[in-house]
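Next up, some structures in structure tokens.
Both complexes below contain chain A, partnered by chain B and then by chain C.
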Partner chain A sequence: MTDLPISSTAAAARPWAAGAAVIVTAGVYAWALLMAEETWQVTGLLVLAVAAVLAALKTGFARRLHQDWAASEPRLNRLAFAALIVLIFALSDAHFALLMVATTLLYFTAAMGLNIQFGFAGMANFAGAAFFGAGAYTAAVLGTVTAVPPLLTLAIGGAVALVLSLPLLLPILRTTGHYAAVVTIAFGVLFRTFLEVNEILGGPQGLMVAPMRLFGWDFNSAPVIGSYEMSFYVNYALLAAALAGLVFVLVRRLERSWIGLHMDAVRLDETAAACFGVPVARIKLTAFLLGNAILGVSGALYGMMISFIAPASFTFSDSLLLVSIVLLGGLGSLWGSAVAAAIVVLLPEKLQLLQEYRFLLFSILVMLVLLFRPDGILPRPLRTFFASRRAGK
Partner chain B sequence: MKFNIGTKFHRIVLAAGACAGLACGTAATAKETVALGFIGPLTGGVSSVGLGGRNSAELAIRLRNADPAAKYSYELEALDDECKPNVGVQVATKLATNRKLAGAVAHYCSAVAMGTVDVYHRFGLPMTVWGAVLPDITYGNDYPEITRVNGTMINQNETAAKFMTGLGYKTFAIIHDTTDYGKGHNSYLSKFLAEDGATVVGAFGVSADQQDFTAELTQVKALNPDVVVYAGLTPGGVRVRQQMAKLGITAVFQGVSGIKSDAYFEGLGGDLAEGTLTFLEGAPAEKLPGGAFFLTEYEKAGFSTPPEAYGPFAFAAMNLLIDAVEAVGPDRKAIVEYMGTVKDHESITGLITFDDHGQNTVALITGYVAQDGKWVVWEDSDYAKGTRSLPAPK
Partner chain C sequence: MTQTLLEFRNIVKRFGGVTALDDFSMRMGQGEILGLIGPNGSGKTTSFNVLTGIYPATAGQVLFEGRDITNAAARAVYEAGIVRTFQRSRLCLPLSIYDNIMIGDTARLTGSLWSNLISRKRLQGQIDTSYRLARDLVGGFSGHLADRMDQPVGALPMIERRRIEICRALISGPRLLLLDEPSAGMTHDETHQLMDDILAVRARGEGLSIIIVEHEMGVIERITDRCIVLSYGRKIAEGTYAEVAADAEVQNAYLGAD
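Here is the complex of A and B:
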């Protein structure tokens, strides 16, 4: 107790209040934004968000929030997950809004996979969409085989992405920095070309993907409670939320483990890490394979939800989109990726009213964010080695 | 006083009557607004076609809104599919789940349309394709919601086979690339040629970027057909034509829609290209039945980008959809039913008749011939007039 600064006593009394308030507000805001259809509503909400963020930064609320999060993150994470589930049920008859929520969650999950590689181990991967697509194509192919339970398909999707990354291991381990990035770019281009000339996988026209089924429940049929019929996208949104939650816990644990510590060391200085006996090659290999497997799993569920896939959906520009989520959110910052995924998925969609100019404005907004927050929206906080100590116990 | 009150009362009644009349009048002019959707690639590589389509659809709506006889006033909700199936499914879901929306005109990219037809069917939104050409979009399902005003490669090859056999050609050799595009053309052309009494003496699959066709062409030379067909895109067509000349094959060279581009002449020069035949869905806008009207109105509307090849189809599709709303009201089920009965419907691209899959059966196909380094509509060419001639049937 002695090292606890007096000024933070108020915060320490309820060291989660600010965080909880923000989560609830964000949930309500997300609902409003998803339901907004008129131009003035969308514009108003976007302006409101910018104003709120600026106000939070000016008044010191942002710092308070930061402290809260550092002090009681597990509790706030659980609250955020609960808020997400409430949001999904609040939107239960809005098909399109749910599709957007589920898409955001799957992009977020994919971005967490990339974060292991990019944010933790410092390995650039510009073939994210290819591994994402590998999962989706696995789902498409396995969907035609009725014997495979679709839940297993998700795992197999991850396994296929993992197997596909095996041939890349050697070039990735032998190169670093920009050279490793070029290897992944080449793979991404190769993947797309392969799909386009491959007749069995539908060629350039693409493939149908069978829907998700769980314990005999077809995800493409609407859940009915009493006489109330919900959108079938509720199924996908809930499963995507579960997947995102699971991956979140996994990646958080990984980050806090010795493996995560080693990854940080490898990223910061490979030579120094090797001198201290960190198995650099094994750590990089772990990051690369695990990240790609997560990409594959999220891609498999995405494919089932979209129900139709084609090579045009998994191009280099889609890989860049995934990378931009990681960069925009802040390297290695999971909550940053969540916010960035929401921005990258929702903003271009809400800017549809600008028609052909929407990507222009979207790009300008991304550049502005990075100009004022060069480390991303929510930069990864410094590692807390002893969480209990930080909380003052 | 009494008298006064009486007149006052009278006035009030009159005023009330006049008001009621006025109210009725305004009710008649303030029409119910009906939202109609449009989807096309507004950003990315093929955005020029998408923007042309969107402008044309908007033009159809503007013209109808200016028409006092229209029962409803219309508004357009245009969305961008980026020519990507996943984005297409997203925006299609957005339109289809918008309860205010009565119908949509959508898709230039076939892969996107293949992905979204299920969405329209699931939510019961009537959708008319304005540009995508893959036959499976209409023929690959039994969805009554899906219709298409433009032709497919089936119509293209039906017209091509009829036209070529009409000129007296009897034997054909087909070289096709192995994409869906090339293979589709091969199978439909072979089918229609057989129906029209011609024989396909040989069909050769080649990869889309093959450079050397000597092996295939040597066999073709031995088979000695009247016509050599290349089903693929311009670069392959240029090479086949060049290598035909090298091997001394004098047969007529026929292409498919994929080689109808100016790059064909840049690759070959006028002499070798001369007399090449090809077919394309639609027609140059000025050749369409209502083309002159469309082009003047488009000009007048002051859009910053041209309508491009498929603009007239987007216009025709949107007009058809508006006609449906005018006839049966903004009810999705009723519009789907109406679309099922469309027969000989007037449009600027010619009459529209949907078959049981919602495909326009009288889709317009135009034949072109290469003449002096340009693609000339067959009917206007020196070849049709008889002043020049193609190699004679053997």
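Here is the complex of A and C:
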């Protein structure tokens, strides 16, 4: 505990200081990476990130940070959210960078839904993209043929994903493990085929999606302050940040409730859980429906943002991408999903010069993480009911 | 015998061609400590699994406090007041001691999605109360464990895990506790210590009955009121430990006939 880069007396007085420093650094780093255009800049930044992470692990800073974060979690979470908002405004005229930030946030939100199922209750869902797509198609249909307020459309997108998961409940509750996973794969393939042959839903060509509107404000028009015009993606990035923040709070509360405890119990030993009265079927049902509803809501906003959707955006490989975010980040780890979503969205875009090799690189990364850090980039911390108790007593 | 607590009526359990329990009938009284003994594969753990709803019985009836609970779901058996430990420890290793014990108190600690996620006052109260209760219960077994309630169970040695498993079973204030080889993997002294702790809990509450499956005959002799001996799924003897130990058929079953 002596060879730490930050003086221990200062850290003891303000246990959140190290966490705050990391948040600010991460914010600046994200800005630099998003703005970097030259190959050497991107490569340099990536090398820097890997070196910094390895150094943090080697010096024990990572472990210390982990403990400090647990001790002042609510404060640091709020700070991270504030840093995100600052980042969005710092990028306010960078069209493409904002699109990537918003996409990362929506994938992160979707991954949190998947985490309830996979990370907490232990139910693999390989139809994530289908439920995400159900939300997007809901937004497309409601936006063109009805006058439903778009904010309500987000909720309805979640509800539609939830209703679509109802016919799956019986087969999923009656099977376990790999068999339940196969049921979801089948559903994902069915869903895409259904979209492709359905003329009303645009067939293989897909549909236009009406933009988000909030209190009369059209999200596809650029916000203007004085004479300064921002990218219209600022709107979407901010709303995506709000959605991610809301879902983060909800999922955290779920994790730290009796329902969350019962989900862990069902994942770890279903038989023992049943012997102590855990309502196994109800817990699985809750996880599956809640997770899919979150996927649907994030899909609806995603559809509005990219304004055009087609069956090809919601394939089995997109479902795999969502699952790989959860696995890369660490099963059940929300912050892990955030980091992994950023990697999965940004890395292929930023390494475009490598063209077809970028997916090879990405696959190697996934394998390396699973090989050397099987619990993910940021493993889930010990389950607790209170943010502070672990470090306190 | 005192009032009947549990009754098996002609229970049969077959797995394909194998008959694990063959026409097994027995009664146990309120507050009794019953030993269930027999050679390996004689159907002791199968009896527990049939009773707790893990396996359905092929034939026969199980009555608990006069109610028919044959083939009831595991959850219904728990709600009736029957809890158990497992031969191979089945705790949730990545979870804390407190979390593991709370899994045993599902009957009290649930609530709607609303009270778990949105309005969390009641949840907070439940956590505070249950934390104290769990700490007291664990403290009766090991003061050292009571100070480590927030540490993961996976880091604990076998004997401590067994204690946690028993606390998880006892936290809900059950009527009947099923112990499946509590001495497995423990020394003689550790086992006796554990039994004393369980008896202390029993002495505090009213009317906890226990069925214990055990190979360690010293334990059986010391704590049971009565024993039932199983061999190849059939009951071959019943009585006090001294009686069944002297039984010729029991000696045959354990040592083999000449």
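Everything below uses one rule, namely that the second predicted complex is superposed on the first by the 373 of 393 C-alpha atoms of A that agree within 3 Å, B and C clash if a C-alpha of one lies under 4 Å from a C-alpha of the other, contacts with A are read in each partner's own complex, and residues count from 1 in each chain.
What we mean here is this: contacts are C-beta pairs under 8 Å (C-beta built on N, C-alpha and C of every residue); 3 or more make two chains touch, one makes a residue touch a chain.
Worth saying up front: this structure is predicted, and the values here are computed from it rather than measured.
Colleague: Applying the document's definition of touch, where does A:Gln352 land relative to chain B and chain C: first, second, both, or neither?
Modeller: So A:Gln352 only meets chain B here.
Colleague: May I ask you to decide whether A:Pro279 touches chain B, chain C, both, or neither, giving the answer as first, second, both or neither?
Modeller: The answer is second: A:Pro279 touches chain C but not chain B.
Colleague: Look at A:Trp258 in the shared chain and tell me whether it touches chain B only, chain C only, both, or neither; answer first, second, both or neither.
Modeller: So A:Trp258 only meets chain C here.
Colleague: Based on the superposed arrangement, let me know which partner A:Ala161 touches: chain B (first), chain C (second), both, or neither?
Modeller: It touches nothing on chain B or chain C.
Colleague: Considering only the touch criterion stated at the top, classify A:Gly206 as touching first (chain B), second (chain C), both, or neither.
Modeller: Touch status of A:Gly206: first partner only.
Colleague: Scan A:Thr271 for contacts with chain B and chain C and give back first, second, both or neither.
Modeller: Touch partner of A:Thr271: chain C, not chain B.
Colleague: Residues of chain A touching chain B in their complex?
Modeller: Against chain B, the touching part of chain A is residues 37, 94-96, 99-100, 103, 197, 199, 203-206, 302, 306-310, 312-313, 349, 352, 355-356, 358-359.
Colleague: Quick one: which bits of chain B touch chain A in the complex? Just the residue numbers, please.
Modeller: 42-43, 47, 51, 54, 78-80, 83-87, 89-91, 93-94, 96-98, 109-111, 114-116, 118, 123, 134, 178-180, 207-208
Colleague: Over in the complex, which chain A residues touch chain C? Could you list them?
Modeller: So the residues of chain A in touch with chain C come to 250, 253-254, 257-262, 264-265, 268-269, 271-280, 286, 382-386, 389-390, 393.
Colleague: Under the definition above, what is the set of chain C residues touching chain A in their complex?
Modeller: These residues of chain C touch chain A: 52-54, 73-75, 77-79, 83-84, 86, 90-96, 99, 102-104, 106-107, 109-111, 113, 116-117, 120, 123, 126-127, 150, 152, 168, 172.
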